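Paired with chain B in one complex and with chain C in the other, chain A is shared by the two complexes that follow.
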Partner chain A sequence: MDALVIKNLEKKFGDIEILKTINLEVKQGEFVSLLGPSGCGKTTTLRIIAGLLDATSGEVYINGVNVADVPVHKRNNGMVFQNYALFPHMTVAQNIEYGLKQHKISRAERRKKVREGMELVHLEYLAGRYPKQLSGGQQQRVALARALVLQPNLLLLDEPLSNLDARLREEMQMEIRNIQKKLNVTTIFVTHDQKEALSMSDKVAVMNKGIIEQYGTPEELYDNPKTEFVSTFIGYSNLIRGVVSTKDEHRMLLETNYGKVQIPLQDGLETGSRILGLLRPERIRLKKTFGSDLNCIRCTVIERVYAGSSIRYTVKTITDQNVVVTVIAPDESNNLSVGEEGCIQWLAQNMNLIEVNDEETD
Partner chain B sequence: MKKRILKKDLAGKMPLLPNIMYMIIFFVIPMALLISYSFFVNKGYGRVEHTLTTENYINFFTNKYYIETFIASFIMAVIISILAILVSYPIAFYIVRYKGFKMKLASSLVMVPMLASSVVTCFGWYIMLGNTGIINSVLIGLHMIDEPVQLLYTRTGVYIVLLSGQLPYMITSIMNGIASIDENVEQAANTLGANPVKIFLTITLPLSIPGISAGMLLVFTGILSAYVVPIVIGGGKVNTLASLIVNQASTTLNWPKAAVMALILMVMSSVAMFLNNKLMESKRFGGGGR
Partner chain C sequence: MRKRKEKRVPILLRIAVSLALIYILAPILVIIGSSFASVANLTFPPKGFSLRWYQEYFKDTGWLNATWISIKLAMIATACTVLLGSLSAYGIEKSKHRNMWLSFFTTPLTIPTIISGLALLQFYNFLEVERNFWAILSGHIVFVTPFVTRTMYTSFYRFNHSIEEASWVMGAGKVKTFLLIVLPAVKSGLMSSVFFAFITSFSNLTISIFLATGKNITLPIKIYTSASFDPTPVLSAISTIIIIITITVMMVMKHFGDHE
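Right after this comes the complex of A and B.
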């Protein structure tokens, strides 16, 4: 049984539709990120799961139970807020104990669990401190321990790391993931940082303007983005736009903004279909020589950033398009200088083709 | 060596000079005068003999009538502070938490009484509290009482009017206190299993204490120095420390005695302020202490 199922969730604030048919399935013990730009509805989704907001329509099932009529305080979800929301008038130990008290757990048992909670996040030595006396990272840990001592159904984290400096953030990413695995707690992690989402999650739901554009493993999202938004929000993609101009039994010829490109036959594409090709910079080959190769697009280097193990080029095609190319482990044949001419090439299977409708391209 | 540090210190404090002058002219000198007068010998008609004596203090503390008035003033200030909290908290809570146009209107209405002078509001109350005033008329009209209740020239009347005058200060202070509570903190308690009543008792109320305490300080010191209301509504039958002071200073013209009473009043207000500051400094309310 799935730990969390969201079905056709919709949320309106007044007349404004903030969430439009959100669907999501999360298995027990999975770590799932909601990833998207600010304002896309991540917090709203999380709050509806927690019960702090009511959905306009749609259902939320936690461990198979429709929680529509279950009030917040009976859902047993551990939530960590963006600003931590610790109880300022209670010590670290009292903060962690708070939920246990509400659940009427015996004093001896509470003591044991508070100690375990503090050990889990390495805060034993701060038990008597008040939140005001803690650093951001320490407050973060208290919030985490406070949510976890209840052995919640779901751990809900709303951009918990966005207020920490870069080094601490990386440390906490590792730690949160380790704790999550150790306790095997199903986790929904909200973030706008794609690197964070990719490195921490079992699965990522990429959100944009109130919908989930794509839901999959980090690898699926990176290697096989299904929409233009996903391909540009996660990593960098070069965008090739064009139409299928001719087609025979084996291949199709595309007229694109990069020039003519020939690809093997693909299902669903007819002559006249408009396409969008998504191409990762490291999947493009840059060569000094340009023979009579088909699919070899002539270009000039206009920018070159050397980074030791790789070189990042920006090249301009003869059709006047800028293309970003990352050359990994550069050698003599592909080490070009600015102003030098060359050609770019890629394997057809490395270009993600999406058919676009006229409406979508505006 | 020491001198140089001193000089440097002084130079650094130069920008504070206007403030220091202000404090000297408007606080230090009057205080010094007040304190010295309290130790001078009274010669009547506002005159004093410049010989030091503790007689004025002994006089005050051995006079049963003064001590009773002093205690009554203190008790009145405490009771009205507590009543003000009980009345103001729900009002402040609703104004802060239930937003919208009506609440904006309500929060500005709360301020209106602060604009009128206490003499004006006092005479308004004077008319309302009389035996044929609106309060008695309504109560009789509703058959809740048969005879008019004596409110003017009674302690009850003074309490009612003083309380109503202090409500705006208490409501505003508590509103500030409640508005500064992070609602995420209450929601965190909610997700941790606390129902709305528990949230209020364990989170909202404790976190309102700084606002309540600030309001209590304002009301307490305000009541201690209240003078118009006890005289007009109490009609000379309800004496307070402040009215005693005015009596001694402007009628009996015993300035040393007035000085002793004024100092006692100041000490009480200062203690209240000190306690309030101690509370605000405490770590749990976000104060300085490490």
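Right after this comes the complex of A and C.
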């Protein structure tokens, strides 16, 4: 049974449709990120799961139970807010104990769990402090411990790391992930930071304007983006737009803004089909020499950023398109300087293809 | 606590501030001084020193009755207005059209008190309500509640609502959360509401005077009539007692406020 199932969830504020048919399935123990730009509806989704907001339509099932009629305080979820939301008039230990008291857990049991909770996030030595005497990172840990001691059905985190500095953020990413694995707690993690989502999650739901554009493992999303939005929001993609010009039993040729491009034979595409091709910078090879092979496009280097283990080039093709190319472990044959001419080339199967519907083009 | 940077204050400014302070405090000093005088007419500087006016106050059942009525009024009015005002402020802050509701609930603040008093009198006459202690009390409640509503609204508005939501998610119902999380968080607003509700009711003359009868003379009414028809240093003694109590309460509150 899935720990969380969301079916056709829709949310309107007044007349404005903020969420449009959200569907999501999360297995027990999975770490799932809701990733998307600010304002796309991540927090709204999380608050509906928690029970802090009512859906306009659609259902939420937690461990198989439709929670439409279960009020927020009966759902037994753990939540960590962006501003931590610790109770200012309670000490660290009292903050952690609060939820246990609400669940009518005996005093002896409570004391044991509070101690375990503080050990989990390495805060035993701060038990008697008040929240305003703690640093941001420490408050974050208390908020996490407070949510986890309840052994929640779901752990819900709303951009919990966005107020921390970069170094602390990376440390907390690792720590949250380790604790999550140790306790095997099903986790929904909201973030707008694609690196964070990719590095922490089992699965990522990429959201945009109230819909989930794609739901999959980090590898699937990176290697096989299904929409233009996903391909540009996660990592960088060069966009190739074109029309199928030739199709025979061996190959397909596209007429594109990069020139003539060959792609593997595809069902469903006919001469005249409009295509969007997505090409990752590190999937492109840059060479000093150029022949007349297919998918070999002449270009001039216009920018070169050296980063030790890799070099990032921006090149201009003879068709006047800027293309970003990352050369990993550069050597003699592909170390070009600005102004130098060369050629970019890629394997046909390394380009992701999205068929463009006519109504989407304008 | 951070130490404030010492700054040299220009001498002229110091003089101006001192003069202003003297101007504000002088009448109070006159009252305190004259309460210890040994002669009967209200003069300044006071002649002699005695506690006879304090003794007279504590012997006079008329003064004591009036004081007791005012204390009872202020205590019950404080309890009722803080409860009503806090709950309405909480509701207003949560509502969709909070500005509209806030204006509506605090309209009485814009009406001159004397008109409110008169309106209440006519309203009670119309309803044929007896003008007893409870009539005065209800008048005070109507008059004081908007002050509390406004103060508490500000507190709830500043309150970080995600701590309330955190409590709900952690398994506490709405009522429990309100008592255990919300109220402690607005403690300072509550304390100043209690203080000002009490003082406002205790010192109110304008509303009470319309609603009181001979049996229910409040302290401000008795002070007012006595000062008009029969001025005596007992008035100064009472005023001094009230001033001392007020200052003490304020200092206690400040002490607790600092340790929040």
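In the analysis below, the second predicted complex is superposed on the first by the 362 of 362 C-alpha atoms of A that agree within 3 Å, B and C clash if a C-alpha of one lies under 4 Å from a C-alpha of the other, contacts with A are read in each partner's own complex, and residues count from 1 in each chain.
The rule is short, and it goes like this: a residue touches a chain if its C-beta (ideal position, glycine included) is under 8 Å from a C-beta of that chain, and two chains touch if they have at least 3 such contacts.
Keep in mind that this is a model prediction, so the values were computed, not measured.
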Chain A as common anchor, with chain B and chain C clashing or fitting: clash
Touched partner set for A:Leu150, first chain B, second chain C, both or neither: both
Which of chain B and chain C A:Lys132 touches, first, second, both or neither: first
Chain B versus chain C as contact partner of A:Pro88, first or second or both or neither: both
Partner chain(s) touched by A:Tyr98 [first = chain B, second = chain C, both, neither]: both
First (chain B), second (chain C), both or neither touched by A:Gly78: both
Partner chain(s) touched by A:Lys181 [first = chain B, second = chain C, both, neither]: neither
On chain A, the residue positions that both chain B and chain C contact, one per complex: 50-52, 71-79, 81, 83, 85-89, 98-99, 102-103, 146-147, 150, 156
For the chain C and chain A complex, residues of the former touching the latter: 160, 162-163, 165-174, 176, 180-181, 184-185, 187
Chain B to chain A touching residues, read off their complex: 182, 184-185, 187-195, 198, 202-203, 206-207, 283-286, 290
Footprint of chain C on chain A - complex, ascending: 50-52, 71-79, 81-83, 85-89, 98-99, 102-103, 146-147, 150, 156
Residue ranges of chain A touching chain B (in the complex, touch as defined): 50-52, 71-79, 81, 83, 85-90, 98-99, 102-103, 130, 132-133, 143, 146-147, 150, 156
